[in-house]
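In the part that follows, the structures are each spelled out as structure tokens.
Here chain A shows up in two complexes: once beside chain B, once beside chain C.
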Partner chain A sequence: MTILSIFDIGLVVLILAVGAASIGMREAFSAVIGFVVYGLLLSIAWVRLSAVDVALTEAAIGGGMTGMLMLGAVARLRFAKGNDSRTSLPVRLAAGILCALVAAGLAIAVLSPPEVIPTLAPMAMENLPQSGLGNPVAGVLFVYRALDTLLEKVVLILALLGVWSLAPDRMWGGIPGLRVYAQPNSKLTFLAQLLPPVGIVVAVYMCWVGAKEPGGAFQGGTVLAAMWLLVMIAGLTSVPSISQRWLRLLLVAGPMIFLAIGIAGMVLANAFLAYPAGYAKPLIVAVEVALTLSIGVALGLLAAGPPERVQRP
Partner chain B sequence: MNAATLFGLCGAALVGLGLYGLVTNPEPLRKILAFNLLGSGVFLVFGVVAKRAAASGLGGDPVPQAMVITAIVVAFAATAMAIALVLRLLQETGRSTLSSDTSAATDTAGADS
Partner chain C sequence: MRLVLDIFTVLAVSAGAFFFLAGTVGLIRFPDALTRLHALTKVDNLGLGLVVLGLLPQANGLFGALKLVTIWLLVQLSGAIVTQLIAGTVRQHGPRE
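Take a look at the complex of A and B:
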């Protein structure tokens, strides 16, 4: 047994233990902390599966952003009337057995792979040089399945619209109800002054390097959103009201540029979302830069929640 | 057993675990958390499929990997929407639970005593 396989077994045991703990904990706060730890452990598992792009996304979104959203919700739900009645034991037993059956069914599928394993990797690599990209995952995201990526950004904006429309009518166009912890000279203020310059450089690097190496618009955008949220929570900059024009422009800039290049492809390359020969890489990088900004703003606003205050005139 | 199979079994177990939490936990926020756990288990199984299909000098098939990235983003968008709904429920009713009718609450209280 090699060191790596011992590492893998330990990792799987840790993931399952932390996952089970975050399901079983009585305190919602501990459960969410468990979930954040779980997300980070899972991203190590993704590295072991040679999917570094996915690992970055999982760490940023699965652990970080989702964890932050849930922590915010726990803080607000702390004094709410909860449901004290636990599910009865027979129901829990029955659910446990049925869920174990589902897991066993999946496990059987995992243990019996097909004899000839289907793969699209050779096809993806074969046509990759034409796009000028070096990262096959970016190739799939922006060339072969560009429509998926475009619609994914639209889903983000739709989710944001959904969150906004949960606000009462008179709050429309107001300021998101992000809690601000502005205490002068606190550690949070110090961090909010120290981290953003580093974070912004990391985000720009991730966006730029995504064409060749693991990284990309989404991971970069998440780092940008995290920095923006940090500065807003520390009270160093105010939370903008959602009716600001620059905010809305930034939100739609990424998808609009993507769409415009896609439509231009119909004329110049004979297909929607196709890139004219020789210009693929610059166009993709332009789309990625615009998307990074839009994703950063969209994620930051999703985490900030629906508007709760109206801007004073 | 190779690494891919090990992580595949881990993913299968996570799906079971998440499903259990989704069914048995009465609080909406905990249900959302469990649903995310379930989802990440499914993604992990998908990642194992990608790893097994490694070819052309790559560590895994890039197509499923890219699809998982899209999936994680969409799952996050849905989670954000769900959490906003729970918080709106709190604003409207002052409760964090879905069983809002009082008769059900007294029934369970009666059963407990």
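Take a look at the complex of A and C:
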């Protein structure tokens, strides 16, 4: 047994233990912290499986972004402690049975793999040079399965609409209820002044390098969102009201440009979401840039939560 | 030369791992939030610094080495400030429970 396989076994045991601990925690806050640790460990596991793209996304979305959303939910729950009602036994039983069924289904799929594992990887690699891309993951996302990627971005906006609709009617179009820590000249101000320039460069780098190496719109967008949130939480910039035109334009810019290029493909390349020969890479990079901005704004607003204040005229 | 660099890497990374271990022991054993933060940050910076120092000879050219050092600096910055924020909250409101 090599050192690496000992490491892998240790990692798997640790992931299972943290997952179980996170489910078993009585307090919501500790459970969320457990979940964030679980996400980070899982991203190490993805690195060990040589899936660096997935590892980056898992660390950014699974650990960071989702963790922040859930911490927000915990804070809200604590705030609304008044109607503290325990879920009834049948509901808990039903949830437990459903989870067990899903787990059993996954276990069957994992434990009884087909004789020959079907793979499209050789074909994907063979045709990749035609797109001008170097990263096979970007190739799958933007060439072979472009429709999925487009829909995924639309789903992100639908999720944001879902969060916004939690606001009462009179708050519609108002300012998201992000907790702002506005103490001038505090350490947080310092961090919020120092970090964003670095973070923006990292985000641009991740987006740009995504065509060739691991990285891409989602990873870059998450970093952008984190920087934006940091600046807003430190009170250096105000939280915009969701009715701002520029905000909404940025939100839909990515999917709209993607869709426009897709429709143009029907005329120029004879298929929806096909790229004209020779122009694949520049078009994909253009889409990635627009998507990075849109994802950054969407994730930032998701974390900021539903509108809670109305802008004073 | 290669061998010397490899030995240097192993020594520095092992020393870094030792500091991480010490920090974790401190985090678990120390009595209150402030001392735990102290153990965590002191040892984190040193541990990560030693790991990065050890990995420098193995880095992928000058650019790779620069990336490693940047990561260490960023972790220093965020670690120091987040610790200050947590410590400030603890001092203002007292520890939970």
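Points to keep in mind about this one:
By definition in this document, the second predicted complex is superposed on the first by the 280 of 313 C-alpha atoms of A that agree within 3 Å, B and C clash if a C-alpha of one lies under 4 Å from a C-alpha of the other, contacts with A are read in each partner's own complex, and residues count from 1 in each chain.
In this text, a contact is a pair of C-beta atoms (placed from the backbone, for glycine too) under 8 Å apart; a residue touches a chain by one contact, two chains touch by 3 or more.
A quick note: this is a predicted structure, and the numbers were derived from the prediction, not measured.
Looking at the shared chain after the overlay, A:L229 reaches neither chain B nor chain C. With both complexes superposed, B is the one of chain B and chain C in contact with more chain A residues.
Contact with neither chain B nor chain C is seen for A:V287 once the two complexes are overlaid on the shared chain.
In the overlay built on the shared chain, the residue A:M206 is in contact with neither chain B nor chain C.
Judged by the touch definition given at the top, the superposed model places A:K187 against chain C, while chain B stays out of reach.
In the superposed model, A:L195 lies in contact with chain C only, and not with chain B. Residues 4-5, 8-9, 12, 15-16, 19-20, 22-24, 28, 31-32, 35, 38-39, 42, 45-46, 48-51, 53-54, 57-58, 61-62, 65-66, 69-70, 72-74, 76-77, 80-83, 85-87, 91-92, 95-96, 99-100, 102-104, 106-107, 109-111, 113, 117-122, 124-126, 136-137, 139-141, 144-145, 148-149, 152, 155-156, 158-160, 162-163, 166, 218, 299, 302-303, 305-306 of chain A are the ones that touch chain B when the two sit in their complex. Across the interface of their complex, chain C is touched by residues 187-188, 190-191, 194-195, 198 of chain A. Interface of chain C with chain A (complex): residues 74, 77-78, 81, 84-85, 88.
Partner chain A is touched in their complex by these residues of chain B: 3-21, 23-27, 29-30, 32-34, 36-37, 40, 43-45, 47-48, 50-63, 65-70, 72-74, 76-81, 83-88, 90, 94-97, 99, 105, 108-109, 112.
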